[in-house]
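Quick heads-up: structures coming right below.
Look for chain A in each of the two complexes below; its partner is chain B in the first and chain C in the second.
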Partner chain A sequence: MKDRREFIFRFIVVTGAAVSSVLVLLVFFYILGESLIFFRTVSFPEFLFGSTWSPLSPKPEYSFLPMILATMYISLLATAIASPLSAGCALFLTFNSHKKISRFILSCIDMIAGIPSVIFGFIGLVVLVKFLERHLHMTAGESVLAGSILLSVMLFPYMVTGCAEAFENGKAKYYAASQSLGVSKWYTMRKIILPCASNAIFVNMLLAFSRAIGETMAVMMVTGNSPIFPKLLGRAETIPSLIALEMGTAEYKSIHYSSLYAAGLILIITVFFIQLAAHRLNSAGRRNTL
Partner chain B sequence: MKKFNILSIILILMLVLAGCAPAEQPSQANPQESTQQPDSNNEQETDKFVPQILFNGSSTLAPVMASISTNFIEGFVTWDKVDASFPEENISIYVSAGGSGQGVKSVIDKTSDFGMIARTVKDSEKEKLTELKEFKVGVDALTLGVNPQNPVLTVKDNLTTDEIVKIFSGEFKTWKDLDSSLPDKEIIVITRDIGGGAHEVFQSKIMGDVQVKADAIQAPSMGALVTKIMENEYAIGYASFGVVNQNKGKVATLKVDGVEATKENILNGSYIIQRPLIALFSGELTAPQQVFMDYVMSPEGMEVVESMGFVPAK
Partner chain C sequence: MKMKDSLFKLWVLLSGSIVTAVAAGIFLYLFFKGFAVISPEFILGSPRGIPLGTEGGIFPAIAGSLMFGAIAGILGGALSLCTAVYLVFYCKNKKISSYILHALQCLAGIPSVVVGLFGYSFLIVGMRMPKSLLSASVTLTIMIIPFITIRIKKALEQTSEEQFIGSLSLGIPRGYTIVKLIIPSSFRYIMTSLSLGVVFAMGAAAPVMFTGAVIISGVPSSLSKPFMALPYHLYILVNEGLSVEMAYGTALVLMVIVLLINIICRLMGSFEDI
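For the complex of A and B:
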């Protein structure tokens, strides 16, 4: 009886693992298969180093460069805005507030992660874009800046949770010792906790960055979706927005259709390498601090 | 406990099988499928009563169809109340939006019964749909919409085709380029996605071979486009006649070549930026499908089309 139960349990665990990994591979190969037509017809320098995206004009041009740059620009800026804020917030919650209060605040911050991204997009459209129009004297507030600010708010909960965990580990290890030596709290934070958590923070930033790259709806609503080279106060279109906007209407099995899959493939590969780097750094960091 | 385990194994097995399906689909040649399916469909039509009807396609027509079908379902509930010869089964009509292109695709792939499109059927599509039936439900026009605060309204209430082309192609960069008395503010051009039905109509009726400028804002839906016009006083975009009517007073429209977008001008064809709203069908309609389409084309159905701001076909 016990044997059988164990066997069933093992079966469930193994199938679960197999199914999820096979699914990931299937998705990858399906996208690769659909984008093959594109890679066969459009040359490598054209789609990576061209400057115009106009798949439906009489002389179609397919260049992902403006979109790739815009995706990187917006995601980097969003991570840059969110990182110091969330590290500071996590430090405060770990060291300066009462445990009960910080647990309550943390769960509130976690709730931000549960808000659907279209809601963020809508708030961004009617509040943030309007704000930029009024205060920066822009004729249209849709811009890289608007997208980055909005995205940084969405990244905030993930980064706070991640950083708080790292700081909590550091606190458990060194705080009692540093207090018994009479070192001030702020000095401990600055000179001991932050350096020892720096690796974890960086890994956190990488993960947040890869999450930012894939965000679609909210970014699509505030960046204006113009396939041009991104400027801080200019409009831009990210790869996920490009796919979301054009996939519904692209002619089935056409080069345009296939090119959108190719854009998706580029996105997947980018995220894959970032995740790989984060994983490597994380395990290296674990070994060093222990 | 044991039962639960077995259940979960079955569930997982189903998942595994479901996971296999997408891998097989692309390798199976599509033409084969399409030759096989109509046969089996015909058998179904004669043998079995199908209580549900599926619609898919244009996001402009979808809310209209959804509203008509809601009235139909609430009015009759079961099919036998519609016609005594039908069995007593609940009426179910599903309407999903995904763009005109998807509407045609779904009829070709047989994933839905009716396709909804907000443009004319292309010749290349007619070749794939052999027994095509078109139901013209109504007409939508694209109006040149601006914010009521836009200073252009104090100078002119009309744009010529040439001016529109220059505005949308980026030749006129600021409102001052259009008229020297207007402020030196950027013209914010808003379009729908370039592959969509609305843009296709605008491109062929107004722009011709000229491309819309690359830094135009692409709105993900007609609603978003009109919202942007209502929010930004220097914006201009091709707003759907229906959606503009739903937001009366918040969007101002300009005449095109001296013709105003009114019901009469749209119906008699003198307002040129217009497009038909069509429900497509391929093959022979089943009895319940016929009854529902009759209802759509009836005065009650047409009333809904009009109440949503479009021009009814009848």
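For the complex of A and C:
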């Protein structure tokens, strides 16, 4: 009796694990398979260094370059805006406010991570884009700048919690010693805590960057979506927006359809390598500080 | 020296207040703007006005979102729990477990829109499934499996190994130990991971856009019917310029549902501690 129950339990667990593994592999190989047509017909220099994206014209051209540049531009700018603010905020929360207040603020910031990205896109459209139109005298506020600012807000929760964790570790290790030597709080923060957490901050920036690359809805709603070379105050289209906007209209099994899968594959590979680098750095950093 | 110190001070205080203000601002802004729109008819009615939706009524969207959230949560939760338990307690082959783990991590990094693309062409176009609650839920399930599994696995690894070994050495079978000892002791983390996954699924607009969500429909009566989803409804209201007013209301309702699920699960976790 007992044995049979054990067997059933084991069977359920193994089947469940097998089903999810198969699903995961299926997604990966399906994406790979569907993008093959594209990689066979369009040459490497053409899709990486061409200048126009016009899959529906009589002489179709498939170049991801404008979209890749736009994705990089927006994500880099967003990470650049979010990092100093988040690191500063994390320092503030770890050292300068009451513990209970810090915890409350931290959980509020954490809640932002749960807000769906459509809501961010909506707020960005009615607040941020309007603001840019009014104050920068732009005819249309949908731009790389709007996308980056919005994206940086969405990165706050991840970066603030990540940095706060690193600072908390530093605090536990060195703060008491530094205080007993009579060193001021601010000097300790600047000369000891910050340098000792620099690796962790950098890892956080990488992870935030990889998150930013994949963000779809929010960015799509505020950047205007034109497949042209990105300028700070001009329209742009990122790779995820390209996929979301064109997957409904691309003809099944056409080169255009396959090109969207290729774009997805490029995205996956980029994200994978950035995350790999982040994990490597993280474990290397851990070893150094021990 | 003094200069650097005060600049540093300024930076910390300034960024602390900016981030806090932005976080509070988002919640308060949505709350006040959305609160003006919300009424019983808005929440409980079907879409009204010409074009439909411009005069409110989001009940089908709320129902649709809750339904696919629940289905994806149950399917994804069960599969993820099995995978995590297998990886931690059953898989003896290091190679297999590291392959599965790498594949999961890789899929966790995939942007949600790519999963949507897969769902659309594999399920809808390839397998000729109708655009329905089922196809969207399956797509979302695939999206949240890696997300939940990695978190549950972490929770299971943190349970006491001595307890597990102690239980085994008393002759208590492995499965019984897991069900009666390991899962209850990490129940809190399992529930939080699951709720985060469900919230992630309910908020995603890109994957459901082509796999089952439609602009107008009633409350779906079966798994093979298309449905309305809150995030997609919000996107349509804003993007087609139908009604910004109603969009505020929809955004608030969506945010409140998501936050409620989040908070309830956190509270459930803290009760477990007492």
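In this text, the second predicted complex is superposed on the first by the 265 of 290 C-alpha atoms of A that agree within 3 Å, B and C clash if a C-alpha of one lies under 4 Å from a C-alpha of the other, contacts with A are read in each partner's own complex, and residues count from 1 in each chain.
The rule we apply is simple: a contact is a pair of C-beta atoms (placed from the backbone, for glycine too) under 8 Å apart; a residue touches a chain by one contact, two chains touch by 3 or more.
Source: prediction; values computed, not measured.
When the two complexes are overlaid on their common chain A, residue A:197 makes contact with neither chain B nor chain C. In the superposed model, A:58 makes contact with chain B only, not with chain C. When both complexes are overlaid on chain A, the residue A:31 reaches chain C alone and has no touch with chain B.
In the superposition on chain A, contact of A:96 is made with chain C only, not with chain B.
Once the two complexes are laid over each other on the shared chain, residue contacts for A:164 go to neither chain B nor chain C.
When the shared chain is aligned, chain C comes close enough to touch A:88, but chain B does not. By the touch criterion defined above, A:12 reaches both chain B and chain C. One of chain B and chain C touches more residues of chain A, and that partner is C. Look at A:248: by the touch rule set out above, it reaches both chain B and chain C. Judged by the touch definition given at the top, the superposed model places A:221 against both chain B and chain C.
Shared contact residues of chain A with chain B and chain C: 5, 9, 12, 15-16, 19, 23, 26, 30, 34, 125-126, 221, 244, 248, 252.
Those residues of chain A whose C-beta lies close enough to touch chain C in the complex are 2-3, 5-6, 9-10, 12-17, 19-21, 23-28, 30-31, 34, 84-89, 91-93, 96-97, 105, 108-109, 111-112, 114-119, 121-123, 125-127, 153, 156, 160, 186-187, 189-190, 210, 213-217, 221, 240, 243-244, 247-248, 252, 257, 260-261, 264, 267-268, 271-272, 275.
The part of chain A that touches chain B in the complex is made up of residues 5, 8-9, 11-12, 15-16, 18-19, 22-23, 26, 29-30, 33-34, 52-58, 125-126, 129-130, 133, 139-140, 142, 220-221, 224-228, 234-235, 237, 244-246, 248-252, 256. Residues 5, 8-9, 12-13, 15-16, 19, 22-23, 26, 98-102, 105, 185-186, 188, 193-197, 209, 211, 214-220, 224, 227, 231-232, 234-235 of chain B are the ones that touch chain A when the two sit in their complex. Residues of chain C that touch chain A in their complex: 4-5, 8-9, 11-20, 22-24, 26-27, 29-30, 78-83, 85-87, 90-91, 100, 103-107, 109-118, 120-122, 125, 142, 145-146, 149, 173-176, 178-179, 196, 199, 202-206, 209-210, 231-232, 234-235, 238-239, 244, 247, 251, 254-255, 258-259, 262.
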